[in-house]
Each structure stands twice: as C-alpha cells, then as structure tokens.
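Chain nomenclature is as follows: A, B, C and D, assigned in order of appearance, with residue numbering initiated at 1 for each chain independently.
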C-alpha cells in the first residue's frame, strides 16, 4: 500500500483527491492537512466524503511526522507557498506531486516572470518531471517530484502536441479559445464567484495575459523544436465542471481527416485516458466526472483550416485525476487504478 | 420630480433600485451612497446601468448635504446600521424607506429578540408604516418612515392574510414551505454562495429559526386578531431570482374553489400588482423581473386541505420594486409608475 | 456472473443502469434493448459509456433468445407496456426487476385506479416484492419479480416509516413537500422540458393528484397498521439530479432529538445506504451520484412540530441504483457491489 | 398608432415581440397569429404577458383581413414558409419585417445554396433592406420589406464591419468563435434541447457548416469590397439568453488601442444601441434583456493579434428588439421607442 498525504486538502482539488484516493485500492491515506481547518471533521465540511467519516483535517506543524509515514505527498497549496513546503518535504525523502505551477517549468526565469515571484527551490526544477503521462511517462516513472499540469494546459497540449510534432499545422498560427467551468477558480470566497454573478453569464478573462499560456508554449515549443508563441483566450462557463478548448489551426501540408486521425492514433492509441474520434466532436458530458480527455476535429476544406475540439473534467484529468495517474506511474501501479470512473452524460 | 437617494446602493437591492429609479419619470436620483465603493463609477461595477454612466458612488460623510437635496432616502444597509443612519436622516426631515428589518416591527421587543440587537431609535417604530401597500396603503400615504417588508414575508403574508382574516383556514396550522433564489442572500463574498456550491444543489436552511418568521407572524396575528405562531421553512434554490412559497393549510369552513377565489377578489381585485387565479398555479417565470405577486391554489378535497402557491421576484416585489411602490404612494404618484415591467417568461 | 439485460435501455434510467452494470464485477450485460434505437451503437447516443463502446441497442423481436441468456431483466419501459413484456419474460423463467409502477402495488385496484389502466398480469402482483431493501430485504431475497419503487416514494417512505411504525408522529397529518430534478421526467422531447423553460424557473405540479401519493400511502399504511392518507406536493427543480423532501410532521409523544435519532438507528444502523444525522440537514450535494439516502431533522420546540429532510439521487437510489441493490440481494451478492460510488459534493 | 401583427407569435421571438410591442407607445397590436395554437388565450401559454390577458392566438385563414388592419407584419415563421406568406401579405400592401433568413440575402443563389430550398419570391430580394440599422438606416427608412438579421450575424458583423471597411485587419484571417444561449434554438420539442442535456454541458456545433456564415460573409464582403470567406464556429451555452462572440484577428496596419477605439467611435458614436469600450470586455450580463450590443477588445502586442469580444441578447438585439428598431425607423418613430430597457446585471 502506498501511504499518501494531501496538503491543502480542503479546496476543490483536495476534495477530488480525497474522493479518488479514499476509493483507491493500493493507497492508504495518512494525513489530510488543512491549516485553516485544523481539527475539523472532514465530513463536516464535505458530507459527501462518506468514506472519510472518521477523519479530521490536521495542521502542518510537524513535517517530520508527516514525512515519516507518507510515501507521497500531494500538494494543493497555491504557487510559491507550495514549493516552499514541497522543498522541505522532499528533503525529508518523500515523493512529491505538486498541483501548483511551481514544478511545471523547465525554465526558472519563465516561471518567475509568469508568476511574479522568486522560486524558493530553483534547484529542484531540473529534477521535476512535467506530469503529463501521455507525453512523459518514462520520466515520471523515475521522478521524485512531479509538477502536475494545469487544467487549461492539459486540455490544450494533448490535442496540439502531435499536430505540431508531426509538422501538420502552422505552429505560428495557433489560436486556443478555451472555456472552463467555475470550479477551476477554486473555493475562495470572492464576489465575482457568487452564483448570481456567474449564473446566466459568460465572459472572457485574462485575455492575452493568462498564466497558462507560458506553460502551453513550453510544451508546444518542445514539440516544434523551436520557440513558439500562441494565442490563448480563456472564458468562464456557468457550469461547475469541465473545460472545452476550441483550437483554430492552419494545416501546412496536404492532409485529410483520415491522416489527422492517424496522427492521433500514433500518439495516443495506447494511452488509456485519451479518446479521439474521426467524425465526432466531444462535449463536456463526454468526459465529466472521469479522467478522460476527448479529442475531435473538423477539417474545413473551404477555408483550409482545421478546428480541433478537446474536453476534460478540469478537476480530474485537469488536476486530481491526473495527479493520481502520475502517482500510479511513479509507484509502478496500474496507470488506471482508482481512475476507472466512466464519464457522466448527466 | 421627487429627489431620491440610495444608501448602500452597491448591493443587489441597491442595483435593482438604481435600475428602476433611473427609468422612473417622476424621480431624479440625487445621491448614490456606497461607503466601500466611494468614488467608483457606477458602470465600472454594473456596466448594465447604462443610464447612470456618468454617476459615481459617494461616501456618507455629510448627512446634511444628502438630506438637503433628497425628498426620500432608500436605505439598503444591514439591520441596526440602517436604523442608526435612518434615524439621523429622519431628524433632518427626509422621508425614509428602509429595506432592512429595522422599521418593520410594531413591537420593539420582538424586533430586538429576533435580531439580537438593541434598536437605536425605538421611538420611531410607532411612526413607521409597514410597507405592504396591498394591506396598508392609507398608512403608507401619510407615513414619513416605511419599513419595507422582507422578501419571504411579502410572498407569505399576501396569500395568507385574506384567508386568515375571513376565518377560512385554521390559523394554528399554517405551514409555509418557501424556496428562494440566491440573490436574496445578497452580494457578500462567502464560500457558501459560490456558484459551485449552489449550482446543482438544493437545501433547507434556517429551519425553525429564520428571522422572517416573526415578521410573518406579526401580520398574520393582525389578521387573526390574536397571537399566531406558524411554521416557516426556507430553502435555497439554484436560480438567481424569485421566491415560491407553498403554503399548506387546513380549511375550517365548508368552502369550494370559487369561494376561495372570491376571498382573493375581495381583497385584491383592485390591487395593481396582485395576480390570482382560480385554476392555475404560478411558477417563477410568471413573475420574475416584475413587481407582481401571483397566487394560485388547489383545494384537495380528498384530504380537506388547501395548498396555496405564491410567487414573487425577490428583488422587485420582495424588495426594491415594493420600495418604489411605497414611494409612489407616499408622494401621491401613480402607484405603478416606474413599475410597469411585464414578467419575463424567459 | 449474473447475466443481465435491460429493456428500454435508451432512457435516463437505462443510461444509469448501463453505467452501473458495466462496472459491476459480478455482472455480464447480455442484451441492451431499445426498439426505437435498434442497431444504434450505444456510444453514438451516449459517448460517456466508454465501457460499452462495442455494444449496440437491439430490438425485442425474439423474447426466447433474450430470456435464454439473461438471469435477470431490468425493465425501464413505461407502465402497462412494462408489465405486458415482463409477464412474458417471467413466464420464460427470467427474474424481473421492473422500474415502472406495474409491480409496486399490493392492490390491483389501487394500481388500476392510480394508473387508469388494466393490469395485464394481475396474478403476478402477489408474487412481486416491493423493492425497498431497507424494509423488505427478506422478501426481495426470495422474489422472482421486484417492483422497484418510485423516486419520490423512496425519498418519502424511508424517513417516514420508522416514525409512523413507532407511533412517534400523527400519521393523519403528514405533509410531504418534495422537490425533484428534471431527469426524473425522463428523456421525452416535450416543450415543457426544454432548457429555456426549466432554467431559472421553479414550480409545483401534480398537486393533490400525483401518482406517487398512492404508493407512499401503501407503505405508510403498512407502517401504521391502518389506512393512511397523506398530502404530497411535488415541485420541479432546475437541476439535473436529486430529490429533496421536506416532511412536515406533528409528534404525538413526548420525544427529543436523541429519541428520534434512536428510532432511525433502530431501523437503519445496519443499512449500508442510509445516512442519518442528529444535528445536520442533508442537501442534494450530500447524495448525488451515489446510492445513499440522507436523512436529517429539526424538532421545532416552539411549535411542537418535527421537520424531516431527506435527499436521494433520483436516478440512483430513486431508480437504477436501487434496482441493482435489489439484484444484488436477489442473487446473493454483496448488497453494495457496484454501488460504492461516493456522493459528489461538486 | 402603428397597427402591428405577428405571424408565428407563439415561439420565443414571437414571445419577445409580444412583450416589447404590448408596451410600445406608438403601436397597437392587431393580430397575433399561431396556426398551431389558434384560439388559445395568450396568457394560457405565457402567463407573463399580463398586458395581453384578453388576447387570443388566431389562425391565418383570411390574409385580407389581417392585411387590412395591419400597417406592418412581423413574421416569425421558419425560412421558406415565411417568404411564402410574406410575399402574399406584401402583395396586399403591408410592410413586412421578416425574422427568418428569407429576405436577408442580396444573392438568390447564396440563399438557395445555404438554405437548400428555392426562394418563392426571389423578385422581392432586391426590394428588401438588410435590417441592421447601424449600417443601413437610410435603406431601412424607405424599405417595405426588411430581412431582419440573424442573432450570430448581428453579434459578428457589427464589431467586424468597421475594422474591415477601414482596412485595419486582415480580412482573410477572420476567426469568429461564438457562444449562444439555448433560446436561440427556439421552442421546438427536441431531446437535444432538454434541460438535462444542456445543463452542465457545453459543445460546439455546426462547425464549418453553420448557415449564418454566409450571411456574415455577405456583409463583411460588402465592407471589404471583395469576396471574403471567414471561419465561424458556434457553441451552445447553458444559459437561456445571450450571445458572446470572441473574434480572433490579425491587424495589418500599425495601430494602438486608441486607434481602434476611434474607428468604433467613427461608426457607432451616434448609434443609440452600440456600446463600446477602450479597456473593458463585455460579458452577457452587460446586455441581456436589452437591445444593446456591447463591444470590447484586447490588442495582444506580444503576438500582434487583436481579440474583439461582442455581446448581445440573442432574442432582443439578435431578433425581436432589432425588428422593432427597424419598425421604428420604417415608420419615422424615435429609433429607441419601446426599446429603452436597461440591461440586467442579474
């Protein structure tokens, strides 16, 4: 059994991790840390977590104790605070899966510029694997620190990577128009997140300045073998879960739908959580409550353009499910263990 | 032209008042006060208020100045804070329409017990009219202070009053099962109000202890001519606007549907904002975005029970629309001026 | 392995059954019947059912073939049509779990009066068990036909039964004010079910005439040992899943909260899917996506009234989950097999 | 007083027209036609239309009678059926505002190719004005037939036209990523429109083949002075009202934000229903329930791209409000009469 602990367990990614891990057959949960909710019974905050009805949130006072009986720690803290703590836990010999942005970047300067903060443990950036198993499974297997990707980034990189790597599309003309449910904004009490503000509303935000842009660009640059800059425009959907990205592309070779489908087959046929289709576009209800990403596309022959649509559940494949997938890989478990939930149409 | 000001204009009842008053033909808005948003352009907070695009929120520093060019002040402050300020403004000769609970009670002690605070101006309670125009139009005409009723209370009292007053139903067995949209909780940033918490959820709250109970009981006791205690159970609906109350009653006389309809006709046939029906039950989309209350009922002959259903828009008939209706009456204007918006089915 | 087939698999209860059964370790799905969608690939209609990606809907032409390789058949057909087919399948020796109303009634005449149709197989009514495992587990174990309870009825009977049986409350003054999500209305294309009609709306319907009333009365009469008539008022919530029932009661003995809690403990302490609490009221997000029912209550000492609140997921504990729970019991499997999904807070 | 009639009044654009026209000071409604609901009381279908409580839907049996006492007829029929009837009414001397696509096209062949039908009155296409008042007010003033624009098209053309006409952006690289509320799909009873299917879901549809593409291209080609083909991708939002279009563009001249703002000022400063901003992006709650379009933009200096965001209420500026705006212009009334509703933040 893998002994797993969660730091920052009270937020929505923590909630989702508790949900998945408490049903995972090869995991024992050892510590659920929430400084602001220390000593609160878990089910007082989340009655839905029936399986944790005798558990309480702990503080983070004794790192030695937490490290000692944890094989892996999931950190759901905000960036900077997360690296600060993860660094200390790593020094104590625990494996780390960090859901913040702190270990996602190859380049310290890109991280520091994007997040406008100094990295407290820059020396760990080289050690950390980028936790997108469909691209980096071998690195993740050997990693002791994994930087778990962002939600928008997972939904953007996976459909784009093969098309760029194979030279199918013009990598200098990538336009990602993405739409996310509100759970992506987390559990902070802010007026802008109130039901009355979000319901029956829809808006773009962070246009041209959203932080996930640099993370997507890092991976698409890897695919292209050169620096790529791309346009990323996020929107806030009045739904709780799910991201749909509509990606507007320009093919640069003569290719038909079957050719594009074969590209995806080449990269993802053996990936257990990637669904892709020749003739159907996914919608949120094809993936929500599951760890799948679903990819579809339309080749617009009239305009010689390619529109790719991808969907994930932002809290699962976009956060906690992917984190558990990474854990499974790091500990030699079946990659799908604990993650076999089917999507929910309703 | 009536010069009107709003204190606490930034919240949702303030928003609704600004919306109604800025289109009201006999009103000039003179001051829009929001201490926490002083000097903010109104349309920076609410771009929808196109008609106020050159207006700014003010502070409340100079009560003399505000009083001087206001014929009437609407207070949207929280209870206790509201009376504190309304008392001072009243002393300066301005008419007051208070949307808090501070001037709704005949009895100081019931108010103080319910709201667990001392009333700063108890001597004004006798002067104040309870602002339910369908029952107290004559008092309101002459009043200088109006305590504008609560949202749940408006939706409960209007369908019940005639039935109790006429001795149709057992006043000792009144069960009000009410459901409200989330705008009723206002604009406070609280985790429990986040979209992800309210969406796809439904719950009862304040069961057996909700403050509006005592306000409903005050008016139903007036109707009965004796002290009435009743059961009031509110719920939180995942919609932005609207209250629906399902009222479970026991008839104590032999009466059929037509008899009940006639009772409503007797009380409300000439009330411009009361809709009632012999054979249809209202739903939220019969009233939302309007100042109407709609009342329907089913006589369950099998059980000899009466189920009454009433609906209002909580922000309009349940708050700001009713406040403007009161203003119209206080200033001798047409009662419907500024309030002729039809309900919105969609 | 239990060989299971579903008739009427394309609707929402069928969808939920396919979802549960395709992950059930002791079940092999043999036939998925949908006459109107014969030969359609399941994932063309429901891409979410990833586990059924090579399955197709069948017609119902050859009952012998279906019976031959089915140990149990779940019928999701409408009432009357369901009994018609279930009777024929039963004659061929298959066990039946019918999700329609056709086998829920002890009394043919109550069924025929309620559903305004003749029962095609009245002789089977006595054989059938009422599939509420918390009350009738022993009967269900031995049954070859189970009438799976309605959604409103499950949510109403389970909280009421112990209180009536133990003589705690006045069984002649039961008022159930219930609120259901829209998936309860099924997948029929009707204008009244359109998003624009349901969204931001709320209404009561079927007041004093809803068919589930007679089913609830049957079981509460069983508890009381005499004929009970009760008031049941359903409402349509703008959510996809979930039922919340607010039950207004009058205690007839001197009892406190602990006493009521003990009554629930006596009946449900060993029932794996019943959650109950001394001091918290459930909301939809305590149960949705799970097979749990959650029960809470408030004793209103001022009025000497008792308000009980119960919640279920209408598609799971209110339909398909309960059907699988019944199957587990009928076939000697662990009652919770395939049903261990935790509720989803989000 | 203008005597106005509506054909196909029972659908959602008809509902919105009834709502606007019944409060319009210079209009008398003479006929409300709905063949499928002939003799139904309007408020039995739409209780919200309190102002029409004594009106009934009529059939369309006697075109002479309808024509005789109508100065203008709004047709809300589907395409082809609409032209068929509008042609006959036009021959009887009535002015026509057609909300279908039948009179929107300059080119018969583009219409017939797009809508896959023969045009029954192709000779009327030249007479008809395209009812976008911000671009064609003078034509509309003199027109006897107006083809009222589509919802997506209004939201796309108005932000694009000035940028193309002034040569600011590359007209061969226009990408419109549009998102619409479900009322745009009308009131047809279809499974895909059910609450449970739309709620908590989001999808692209009609990718590369949506009919509104050709209508947008017609107007953008007019602006460019040459044939333009553009990419239009619509999505279905789980909201009732509103369209937001995110338009991805490539500037071809050296221009800053102020320059772009000045372009919009040049075209729209005197247009009463166009809001535009230098530094804010609109969201649906800036326009819903009003006849405004709101336009904002971000110039992405890093990528030298321009992202324009525009919002309308699809039923008002995208359909019935614009139709009334056209009527006002055709009859020499104040363009804003009956359309001064402010947007609703909530």
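A few notes on this one:
Convention: a residue touches a chain if its C-beta (ideal position, glycine included) is under 8 Å from a C-beta of that chain, and two chains touch if they have at least 3 such contacts.
In this text, all values refer to a predicted model and were calculated from it rather than measured experimentally.
Of the two chain pairs examined here, A-B and B-C, it is B-C that is joined by more C-beta pairs in contact. Among the other chains, D has the CA centre that is most remote from the centre of subunit C. Chain geometry summary: the mean Cα position of subunit B and that of subunit D are 37 Å apart. Centroids of subunit A and subunit B (each the mean of its C-alpha atoms) stand 46 Å apart.
One finds 40 Å separating the Cα centroids of subunit B and subunit C.
The multi-chain contact residues of subunit A, meaning those touching 2 or more other chains, are 12, 183, 196-197, 200, 238-241, 282, 285, 346. Partner subunit B is touched in their complex by these residues of subunit C: 175, 177, 179, 196-197, 200-205, 207-208, 229-231, 233, 235, 237-242, 244, 246, 248, 281-285, 288, 298-300, 302-303, 305, 307, 309, 346. Every residue of subunit A that touches subunit C in the complex is listed here, in rising order: 12, 15-16, 19, 22-23, 46-51, 183, 200, 240-241, 275, 280, 282, 285-287, 289-290, 292, 294, 315, 340, 342-346. Interface residues of subunit D facing subunit C in the complex, by the touch rule stated above, are 12, 182-183, 187-191, 193-200, 238-240.
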